[in-house]
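Input: structures, listed below.
The following pair of complexes shares a single chain, subunit A, combined with subunit B in the former and subunit C in the latter.
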Partner chain A sequence: MAALSMAAGGSDVKNGVDPASKTITISIEQEPPNLDGSLTADTISGFVLGHVMEGLLRLDQNNQLAPGVAEKWEIGETEATFWLRKDARWNDGKPVTAHDFVFAWRRTVDPASASEYANIMSPIRNADEINTGKMPVSSLGVEAIGDRILKVHFVKPVPYFAQLTAFNVFFPIREDFFKSTNGRYASGAETLAYNGPFKITKWVHGAHLTMQKNEQYWGRDRIKINTIDIPYFTTDPSARINLFRDGKIALTPVAQENLEEAQMLGWNIKSFRDGGVFYVEFNHREGRIGGNKNFRKAIQYALSSSVEVNKVIKVPGYLPGKSLFPVWLDGVDDKLRKEYPAPEYTPDTAKAREYLELAKKDLGLKTIPPIMLLSGDTPLSNRIAEYYQDTLKRQLGLDVRIDSQIFKQRLAKMLAGEFDIVMTGWGPDYADPLTFGDLFMTGNVNNRGHYSNPAYDRQLKIAQNSNNPAERMAAFGAIQKIVFDEAVILPEYERALLYAVDPEMKGVVRRVFGADPDYSYVTIAED
Partner chain B sequence: MWNYALKRLIQGLITVWFIATATFLAMHAVPGDPLSGAKAMTPEIQQNLEKKYGLDKPIGQQYLIYMKNLAQGDLGISFTQKNREVNDIIREHFPVSATLGIMAVVFAALGGSLFGALTALYRNKWPDNVIMLAVILGISVPSFVFAAFSQLAIVKLNGLLGVSLLPVAGWGTISHMLLPSLVLGLGTMAYLTRLMRSSMLEILSSDYIRTANAKGLPATRIFARHEMPNAILPVVTVLGPAIAAITTGGFVVELVFAIPGLGRYFVQAVQQLDYTVIMGTTVFFGAFLVLMVIVVDLLYGFIDPRVRVS
Partner chain C sequence: MTQTAPADPAMMDGAFDPLHSELRIQALTRPSLSYWQDAWKRLKANKRAILSLYIIIAMLLFTALGPQVWRVNPAEQDLLQISSPPGADRSAILVAPYVPWAVEEAPTPVTQSDAPDGTQTPAVVTAPAADAGLELVGTATTQMVRLKWNAMPGAADYAVYRNIIPAKGPGTYGLPLGNTDSAEVTRFEDLLDLRAGTTYYSVVPVDQTGAEMPQSINLKVDVVNSITMEEARARRLLKDGETPELGSTVNFALHPMGTDYLGRDMLARLMQGARVSLFIGIVAPLLFVMFGVVYGSMAGFIGGKVDQLMMRFADFVVALPFLLFMILFKIAFGIGPGESGIMPLIVAMVILLWPSTARLVRGQILQVREEAYVNAARLLGARTGYLVMRHMIPNTMGVILVTLTFAIPSAIFTEAFLSFIGMGVAAPTASWGSMSNDGIKTMLTHPHELFFPALMISITVLAFNLLGDGLRDALDAKMRSRE
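Here is the complex of A and B:
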């Protein structure tokens, strides 16, 4: 046994944080599915890319926009200009130029690349036409003026454009390097060119990924660690907890069922809200009971998001849902939710029953038929679904049938409209209320309940086409009120994630957007 | 003998074709869209993607294209790991599963035949009772419970000793393999122990053993020459399918110990409706199982001349 443990090289128990080599060791859930920034759409790839690449702008340790490859920028109503820094370099020492951005962005909208995020570029001139094959890729409204100026032309104002440029779809890709990989770009450590704080030096598929400091990175002086080592790929929560307990990794997510044990072990537990909003969505389709406003109001007054969060979910950091718009979104001068507070109401069984009677009258029904509640298959969704089932039975005498489905099947059923009520949610694509606000627009592909209301659409149009912050935020305020008055959806909660950190590692940044967790600002405490 | 082998191989090919066809049809019949994510795509983007993956063609045509590529050994590109060929996924991850599986089977076979023989020889005495109790545990407790418990035990042990006796998870050195293969092999070992026990009991009461005893042969010789080789036959029979089952069924153990085996891809592909990986891994594992059964049948004839088919 002793000989074997020597073979494993394990003599000290702790190496999740190694001050000597300035290395941190972590685990990820799975192999990054796709490190081609123009095409990728998942968070694990986004995590790795955020460490090894950099866009025109980046998010700093306070989640504020900061200069990235661009040292200066101007964003107007019809166009934006970015001035690139002289010392931005790829890991082989060649400069990062405006052409690298033009090449990458054209690839994203090229129908042949079939990028899932192509529509995030639609404010750029001709992007939609190119993506539907009506115009050549060269007609995209982005041009390089020399090597160091990038000009972008818009078809409509994009107040949040600066933020988008920090997102992986807008990262640069160098044409000559891309071509040298013969269609295998980003398939391994050697077939990616890096311009970010780190570079991948080892990538054994499905097993081991190592990132090391990129000495060519212009901001290398602020990077205080040399290596981020990822030798564990697993989705198993208890495996990660055990690895952390054994000192092998520097950070682990903590699930609710492990919380008590983790607190007992004296772990440094933190909570982080990931920016997503979860809600109950009604099926507004013709012939579905969710199309009746009185029915929806009845459910609204019967359920309580604070009971759900405090009695059912019981994870510190969760916020009871009050609005379609989460608390962190910025308004004109303050947070949007400060400037336009969410409508206050208290759950009220008597009121709920009144609404239900009205609904029965509207629909000409003596009793409401069983309600199909579509939910996910995680232990948490099951608990919440049972809370709904129980509450609606007790307060309104409604029969709720829970239809618990795995992810893809739930999506298919949502798309096909095979539900009365569905438990779902939305994670933002960018830091503007619009990413939530356009969800229930008539015809939005993510509007799975097929809600349609001209008043809602009118407000949305204002928000989409204006560049005036006051006007836009007023429109979002109006949308927030419509969502409550019409009970379009019922907000459930804003999610929080718990995690434990090795106390020797300081400065991990959690982000709603981009690489999360971000280890590029980490310092290792000196013993 | 060669004719027999050839005949079995052809039968095997037909079986694999059948597996491929049935999987293809079942997979397309499952509700859900392989390209869908949490965020819906615009119809245009969806169309571009369907075109890229050939999903815009009628299903009959998709089947023919798939079978043609399969015959050429091309399993396509994964839907979720967008830059990896399924061939590469199998090539890189199957050896890991196989190593783990073979270690588990070796462990299971050695332990199973030894403990099985012991329980039969000491029938109804304490070694029999103790081992059979362990066997019942081994059969009824699922491997993820063993996996989680043994991992936690190692964490506590490492903490207690202050050194890393065994790694908690990961892959690379032989010390990484010990615990997972033990856990993975436990169920099979328990099953083989039972099989060996009943087989041994039957042998013990047979005429030729009585003859051997009457001749005055030493007990060790009877055990080694007459009892073991005869009793072990049923164990060998199930060994082939057991190798295949263990190698393909290591999903949970691979997950808990963060082992980069193929079992994870096999299961995750089904959850994510990754068509090409579902097809690739199912056909591959199916072919592997069929091959193992054939090998064992041939081996069987080798060990016991009586069953050799002319």
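Here is the complex of A and C:
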């Protein structure tokens, strides 16, 4: 087997998609940093774990919740019950039991394991107390009733809890296997137990990862490929483009610069919105100009998200930003943005200038001092920042200084309030408008501009504490209006990712939550 | 032993006789040439060097006078002409301001086909599916392209694609512009980065499960440049008081070298970039080479303990990391983000880069100091100043100029590098380095954005090198009488 794959690697036989052995070859950005599901939160580990593990529920090819280890579930206001399927097995043939979940979840909230995602468990009874060391780990509000029933007790209603169970922090870990690894759990292919559609059969650190179909998986009949081979770990976009051009990998991200070439080569280009919303945030702190509403309105009427998306970003699939809430969020019966449409307005230079005059009067300034625009250091954010700089100069006569920083430094500066306006964004943690809605609550750590508005907080309280969908969505509708009227933020765009797929590979699923891209539904075209 | 030694010539007979008067030194004279006149004469004979000199003068004129002649703001963005190459078609038609596409009618029934409403551009259906009726609404302009088609049986949604070559079946439709997300909506408006020229649209029906169906309807569209009256007026493309009708042709602003990724004029940016690049490229090396010459010649001339001390200090300076000091100076100068870092760059270069010149010059001086003619001059009573000016400097001039000519391009490159990591010029100011850095991302699609700044850097660096080469030959005192 080893000799065979060596020979194949040496010659040019190996393709991105190999119908004979039902193998697909792909590349990932880097080695998965940590495959210990209870502790890890990064996307690459999440991608691998999503293929080799399975939670109580999973997301199907239409991104709808589907039974996973649990075949049936009930979620109430104070507790949830999951009935586990009989044929859910680990790769060594032992059954997946409710105790495996209890063990894994207790580990996540255990202060000793210092999981960065422990806070996601906070709706579960005593989770926060355990994480801060006030209560013993065994007091976590989750219990196994026999091997096949799992009961979860909540502190408050969690409408999105079913979603969470598909996330890697909620995956099971088997206690006896974990103990047998002597603290080396998830350090290699042999020290992980798999209950998902695939299992890792080869893991050369930093170089090569191979996943093969898990024959013990209860849904094995639905898995149509045998192997997912990942021999390339690279963050270099052009390296991946070249690998795809040579037919070595089955999927590659495509950047705006490569679009023309991709069209000429007849690539199968797809676009996928990753659910994130990007916006311009003001600094509302004392002494910063962003605290003035007229100033914010002036900027709002000067900038056009449509021009930004169509002329500056130029990537198909991006949506011009209109609201804090992205289009994909569900409302009561339809999408939230259909039930509560985003406020419409047309950018208007004359109006923007009027607002600026008012702002100058409010602030008692003859001219506005230079504005510090904090932005990311990617080519795209530089391009957008320069577009803002010129637009604000031309339309409002404002001097804008661009402070372009790497991600970490930008976050630090946002936290410290060292900006007037900042280009930033938010990726959702769960599929509820609340994940965006609570961003500008007074005192939220992610409210980097220190915006504070009692009306906003009042609406948010309704959305947080109510279990009535109509009432909650009305509150989000009101929040959306406040955000526009007060120009709390200026939505820029909803991001899209472009990628090209080998036409022989069908059924790659892109997800906002969970393992993305998901190859477990892939079929290989016969020809 | 002393007896057998030859007698002193002065003691020989006739040693005190007067010289014969007829013995005259042959008169071999030429017009007296000063050192600099001679150097200039020899430089003029070197064609490459003179050409380089002209290029450098032209470059300086380009920098100094260019912006007076070509009065275009290098920071102004023309989003109508993004990344347009030199010589692109500039004619555009005047269109009404953009208004969102209002839903004015009920969805078109499958069997009924609407008459095209005043479409000027012929819409050619390349692969007509049965009564699919994909057609343009209005004129296809760079402002927008509006398409509509008839509902297709079984479709729950439509995916709209755009391509620069005709699609060759499923999977080759090109850019996924978007979906209509509904079976009822059988129209699509494309606003995304439209360019004049031929493009190919494909509409692919999507079935209930979200999978694309194998058939598609395709349309070849010729997109023309467009501009609204307001924009044309704002950009002064219309004469005062002139109000042409919609649909008439105006010309976009001229950009002789094309525009960059934000529609900024390349020529104006190259001039601005030249100002930054040449300023750093010339001022910084001149300063640190001058300092290095003074320092090195002092060390070399005085010699001894002072020399040792001075050169160990130079070694110490060599060990200081340039980038770190650059950052320190930037902070010490109180230069915040978004402000130009040119001053600290020059200071850091002058403070840190002189030792190599100093070492070379010192070595040269040490060598020249021991030459016989220097000793002779000294014996004849020459002063230190005379020795330095007459013998030392001309003999080290070659080395100094070589250092200088290598320092200039490396300074230009250093500036480019620092602009690249965000420590040089701040946007929107351009330098050749930052322009190249921006242009390299679109090298394959818009080569002019990289080509022009790279060409400027290459020509300048080459010209300085060749001129330096010629100057070295011309100024080398040892080559003085070899013509």
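Here, the second predicted complex is superposed on the first by the 513 of 527 C-alpha atoms of A that agree within 3 Å, B and C clash if a C-alpha of one lies under 4 Å from a C-alpha of the other, contacts with A are read in each partner's own complex, and residues count from 1 in each chain.
Going forward, contacts are C-beta pairs under 8 Å (C-beta built on N, C-alpha and C of every residue); 3 or more make two chains touch, one makes a residue touch a chain.
All values reported here derive from a predicted model rather than from experimental measurement.
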When subunit B and subunit C are modelled together on subunit A, clash or fit: fit
Partner touching more residues of subunit A, whether subunit B or subunit C: B
Partner chain(s) touched by A:L358 [first = subunit B, second = subunit C, both, neither]: neither
Touching partner for A:L65 - first (subunit B), second (subunit C), both, neither: neither
First, second, both or neither for A:K270, with subunit B first and subunit C second: second
Which superposed partner A:V332 touches (first subunit B, second subunit C, both, neither): neither
Which superposed partner A:M135 touches (first subunit B, second subunit C, both, neither): neither
Where subunit B and subunit C come nearest after superposition, their Cα distance in Å: 10
Residues on subunit A engaged by subunit C in the complex (per definition of touch): 62, 257, 259-261, 263-264, 266-271, 306-307, 309-312, 314, 316-317, 370, 372-373, 377, 379, 382-383, 385-387, 389-391, 393-394, 400-405, 498, 503
Subunit A partner contacts - residues on subunit B that touch it in the complex: 30-34, 36-45, 48-49, 51-52, 80-84, 88-89, 92-93, 96, 148, 151-152, 154-155, 158-159, 162-176, 178, 255-258, 260, 264-265, 268, 271-273
Contact footprint of subunit B on subunit A as seen in their complex: 1, 4-5, 7-13, 27, 30-31, 33-36, 39-42, 111-116, 118-119, 128, 131-132, 184-187, 204-207, 231-236, 238-239, 242-243, 245-246, 248, 406-409, 411-413, 415, 427, 429, 445-446, 448
Residues on subunit C engaged by subunit A in the complex (per definition of touch): 75-77, 79, 82, 162-165, 168, 170-172, 174-178, 191-193, 210, 261-262, 336-339, 422, 426-428, 438, 441-442, 444-445
